[in-house]
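In order of appearance the chains are A, B, C and D, and numbering begins at 1 in each one.
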Amino acid sequence: MIQAGIIGGAGYTAGELIRLLLHHPAAAIRFVYSTSNAGNPLSDVHQDLLGETTQKFTNEIIPDVDVLFLCLGHGNSKAFLEANTFSEHTKIIDLSNDFRLTPDAVFQEKHFVYGLPELYKEDIENAQYIANPGCFATAIQLALLPLAEAGLLEEDIHVNAVTGATGAGTSMSPTSHFPWRDNNFSYYKPFTHQHLGEIGQSLKQLQPSYDSDVLFMPNRGNFSRGIFATAYTTFGKSLEEAKTLYREFYKHAAFTTISDKELHLKQVVNTNKCLIHLHKHRNKLLITSVIDNLTKGASGQAIHNMNLIFGLEETLGLELKASYF
Amino acid sequence: MIQAGIIGGAGYTAGELIRLLLHHPAAAIRFVYSTSNAGNPLSDVHQDLLGETTQKFTNEIIPDVDVLFLCLGHGNSKAFLEANTFSEHTKIIDLSNDFRLTPDAVFQEKHFVYGLPELYKEDIENAQYIANPGCFATAIQLALLPLAEAGLLEEDIHVNAVTGATGAGTSMSPTSHFPWRDNNFSYYKPFTHQHLGEIGQSLKQLQPSYDSDVLFMPNRGNFSRGIFATAYTTFGKSLEEAKTLYREFYKHAAFTTISDKELHLKQVVNTNKCLIHLHKHRNKLLITSVIDNLTKGASGQAIHNMNLIFGLEETLGLELKASYF
Amino acid sequence: MIQAGIIGGAGYTAGELIRLLLHHPAAAIRFVYSTSNAGNPLSDVHQDLLGETTQKFTNEIIPDVDVLFLCLGHGNSKAFLEANTFSEHTKIIDLSNDFRLTPDAVFQEKHFVYGLPELYKEDIENAQYIANPGCFATAIQLALLPLAEAGLLEEDIHVNAVTGATGAGTSMSPTSHFPWRDNNFSYYKPFTHQHLGEIGQSLKQLQPSYDSDVLFMPNRGNFSRGIFATAYTTFGKSLEEAKTLYREFYKHAAFTTISDKELHLKQVVNTNKCLIHLHKHRNKLLITSVIDNLTKGASGQAIHNMNLIFGLEETLGLELKASYF
Amino acid sequence: MIQAGIIGGAGYTAGELIRLLLHHPAAAIRFVYSTSNAGNPLSDVHQDLLGETTQKFTNEIIPDVDVLFLCLGHGNSKAFLEANTFSEHTKIIDLSNDFRLTPDAVFQEKHFVYGLPELYKEDIENAQYIANPGCFATAIQLALLPLAEAGLLEEDIHVNAVTGATGAGTSMSPTSHFPWRDNNFSYYKPFTHQHLGEIGQSLKQLQPSYDSDVLFMPNRGNFSRGIFATAYTTFGKSLEEAKTLYREFYKHAAFTTISDKELHLKQVVNTNKCLIHLHKHRNKLLITSVIDNLTKGASGQAIHNMNLIFGLEETLGLELKASYF
């Protein structure tokens, strides 16, 4: 059994990792580190776990686990790794944005591979350190990568995506206060969301010639989980050619499927899947991409990366029942 | 025009008071006091007011207003009145629970009348100081008062009520965090909610012989506003007799109506109405009562009291369009 | 008092008209026509009206009312006017899309004026027949008209808007079934929504030279009422110039206000307001526009048009308390 | 592999069965019968299944499957079994209420066992035909059975429970129309819900002397899945004694756990768990019970019964990741 440690155990992504690892046939949770909750049962915080585990949070780190998941706030992973030392064989999967961009990818002689399996599967299989992609970044890249790989991005890409309130984390804030958020809608950081860096980096990697803008409007939806993203851009070929391109690109993808029908968010909630739909309007190709922000957009993808690193079946522990309704 | 001051201007009930007073034909807002927001436009906090008023919060109190609304947290009204002096002619309507119970009703030689117009209309008309009822207390009393007045309460009363998240105020808390509250349900303070005091006091006032329990389960609903309350108890007479009793009791009530059909919460949201439905099952009378917790259950009732005190038409400024959907 | 008749009285927009007219100081409801509900109280269908009116639906039309509101499904207004005759002095305000486009605007020698007060106020004041704008069309036009009037539209306009479930009417459908819609998100009719005709017509009217596309993505939100719309396009001038332009354009508008702060949907729910926010990113101007689809986007705008036709104060009966939470 | 057939394959409970069986390590779906969808992929109806299965609905029944799940509307299972014949070895698990009550439990010489594993585990293990309990009935029985078994029920039991909109099925109705249900609350069938028969039957079975009422108020919540139930009744012993009693009763239960902390609905959504909490107020014991209506309250319990019948590990295929948020 792979022995796993989780750092920053009280947040949403840690909670999802715990849920996934508890049912994972080839991994076990060695410790869940949370200074503020040390000594308390995991189920005090992740209250659905009652009856499934009596494990407790700890403030002691076991440095020789096989895999370590960092579920810290953005900017805190570097500080944590500076303050703590782990075994040389320990794999580290970081869920923050600290190591996703190439200039940040080498830290303490650790080479972090960008953990988007649809793009870097082989690199991940051979990696020891993973920078797990952002949630919006995952949905949007999966919508655009086949075009970039084919060198078919030409002009500005117009992206609009809406995320659930779990995307803002467990910290309370006015825009996560129920009377505000309930039956409401709003955007934030128009055109300047921090995930644009990851997205642009991957597009450039596949199609170095592309130098137009990704115009990205991120929205706050009045639901808890999931990302519904649309992207459209000029596309000179036919819809059929687009479908062929996407089906080919994702033919070996374990979790990404092309849908002939229009999509809605709840098709993927509580799963590790990404569904993609293509539509052509005049000279524009419209790509829709839906994921669950906490699974495919975070913890599920982290487990996917773990499976790849350890040579396991990709889908192990990730064949999840959608909640759907 | 009646000149009104509002203390504690940043909370939900203050926001509702401002909305109601802005459109009230016989009243005007003289000042809205909020130390933390002093100098900022009201519309910075109550953001729907943009385009309706440019008035600002102030930290200066004008002591000779005609009516003063206290929208402070429970326990803070007394402290506020000790620290501040108002004109002798100033009417004070307190929305906290500081003065609702008889032992608390006289403070600084001010006699606070319990401001439930369906019960104490004449007293209110002659009052200078009002203790505005609690939201649950309003819904539940309106369900039970006709029985108590007729001396027909016999055994335990079983009350179950669910309130929206605005009931917990603007302060952020884990149970008002959107990812927790969304699509969730829970109770709190089973059988010991603080409004039981008000309810029992009114029942005793009308039917001194009644000495059974009000067993009240308060619930948190995953909606923003409104209270849906049911109460049932042993009732020896027929449904028709009950209907006659209730229609008679409320025949002069400006906002309370008996419905022959079953009720749902959204019939009253964003209005000052209370709808009541009666149903008989064997020897039990089931009374359903729905109100908006912020209007009929707080600020609308406060304006109703203001109207009564100043000899205005009861419904003035309170004929509100339901949002309904 | 203006005597009003309502045709198609059981739908959402008719319900809102009834709510508004019941409280309107200068108008009264003469009849509400609904063949399927004839003889039943209005409050059987519009259940929040219990206690406010005992008026009933009728299947008899009174042909000499002062104003007639047609709340029929799209395509049915023409058939209705062919089958029924009204007094020559009767004003008709049609809420369908039957007469909004210039080729449809003359019918039975009736000249229908497009009832967007921010654009055609004088024409409306002198009109007898009004084609009330669509809900999305209202939000999006109010976002774009100042640019068109100034002749500043240059390239494609990218519009993304989300509407509440009342936008799909009272007819039950799979995408309005609660278990599907709850916590879900989806789009429909990408780039081909029927309101594009109205929008393009107005833009062309103001800036005949404009011949780029309005690329409009309409979305279904999991809330009941409101439209949150964003539009962005190339804009060569500064943000300050844009603000000046918009403030100037709307300086006499009764319900449309420019907000310096970012917007959220609930600022306008259950009101007749439109709030607009401007943001500049590089060479793109982002315009946000929020309205309530049933009031400003339908019935409130119809009352606004009625007020203008009859020479009343524009805001009469439309100063509504936002539900906000 | 156990070969399973599903009858009535387009409804919510069938969808959940399909989701569970697709990931069940010891069972496979042989056919999903739906006359209206025959020939279409399962994922046309259960749209989250896209990418997981290409199986199609059929209108042909394979009569020798190992287990048959009947997901038909109440009253239709009998008619179906009269019209169709199955192999003698085929186990049948009926999810309707056709065979739950003792007078209905023998049909065509088939003896249906009431499939509540916490109560009749041994009978189920030896059964060929199962009447799967109702959703409310499951939550409420699990709250009350330990008291009944100990012979401690004395007086009336006061039950209040709220269910999600999936409880009303896929058929569209006014109370499942999103604009109505959203942010709303209501009850239905006060004190006369059809599940009272099952509940009373089990209580009588365990404590024949009990002859007071179960006063049950069923409510419609504005969420999609889950049941939150409370029950209270007179209880002469201490809270500690109650806890001991419940822990003892459920010590071998695979999915039912006693919680020392207060509960909320989302602790169990999308799982097969039941959580129970006990609270004492004066002489009343308050029992809270939460389940997911579609899993523990229907399809998950059906799989649990299948596991028991076939001698499998109880939890096989039912260790589900909660969606929680």
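By definition in this document, contacts are C-beta pairs under 8 Å (C-beta built on N, C-alpha and C of every residue); 3 or more make two chains touch, one makes a residue touch a chain.
The structure displayed is predicted, hence computed values, not measured ones.
Participant: Could you see whether A-D or A-C has the larger number of C-beta contact pairs?
Facilitator: Answer by contact count: A-C.
Participant: Going by the average position of its CA atoms, which chain sits the greatest distance from chain D?
Facilitator: Result for max centroid distance from chain D is chain C.
Participant: Quick one: report the Å distance separating chain A from chain D, using the average Cα coordinate of each chain.
Facilitator: Inter-chain centre distance comes to 34 Å.
Participant: Distance between chain A and chain B based on Cα centroids, please, to the nearest Å.
Facilitator: 46
Participant: Measure off the straight-line distance from the CA centroid of chain A to the CA centroid of chain C, and report it in whole Å.
Facilitator: For chain A versus chain C, the centre distance works out to 40 Å.
Participant: Residues touching two or more other chains, restricted to chain C: which are they?
Facilitator: 12, 164, 166, 179, 182-183, 222-225, 264, 266, 269, 325
Participant: In the complex of these two chains, what residues of chain B are touching chain C?
Facilitator: Touching chain C: residues 12, 15, 19-20, 23, 44, 46-48, 50-52, 164, 166, 182-183, 224-225, 255-257, 259, 261, 264, 266-271, 273, 275, 294, 319-325 of chain B.
Participant: Give the list of chain C residues in touch with chain D in this complex.
Facilitator: Listed in rising order, the residues are 12, 164-166, 170, 172-174, 176-179, 181-183, 222-225.
Participant: Which of the residues in chain A come into contact with chain C in the complex?
Facilitator: So the residues of chain A touching chain C come out as 158, 160, 162, 164, 179-180, 182-188, 190-192, 213, 215, 217, 219, 221-226, 228, 230, 232, 262-266, 269, 279, 281-282, 284, 286, 288, 325.
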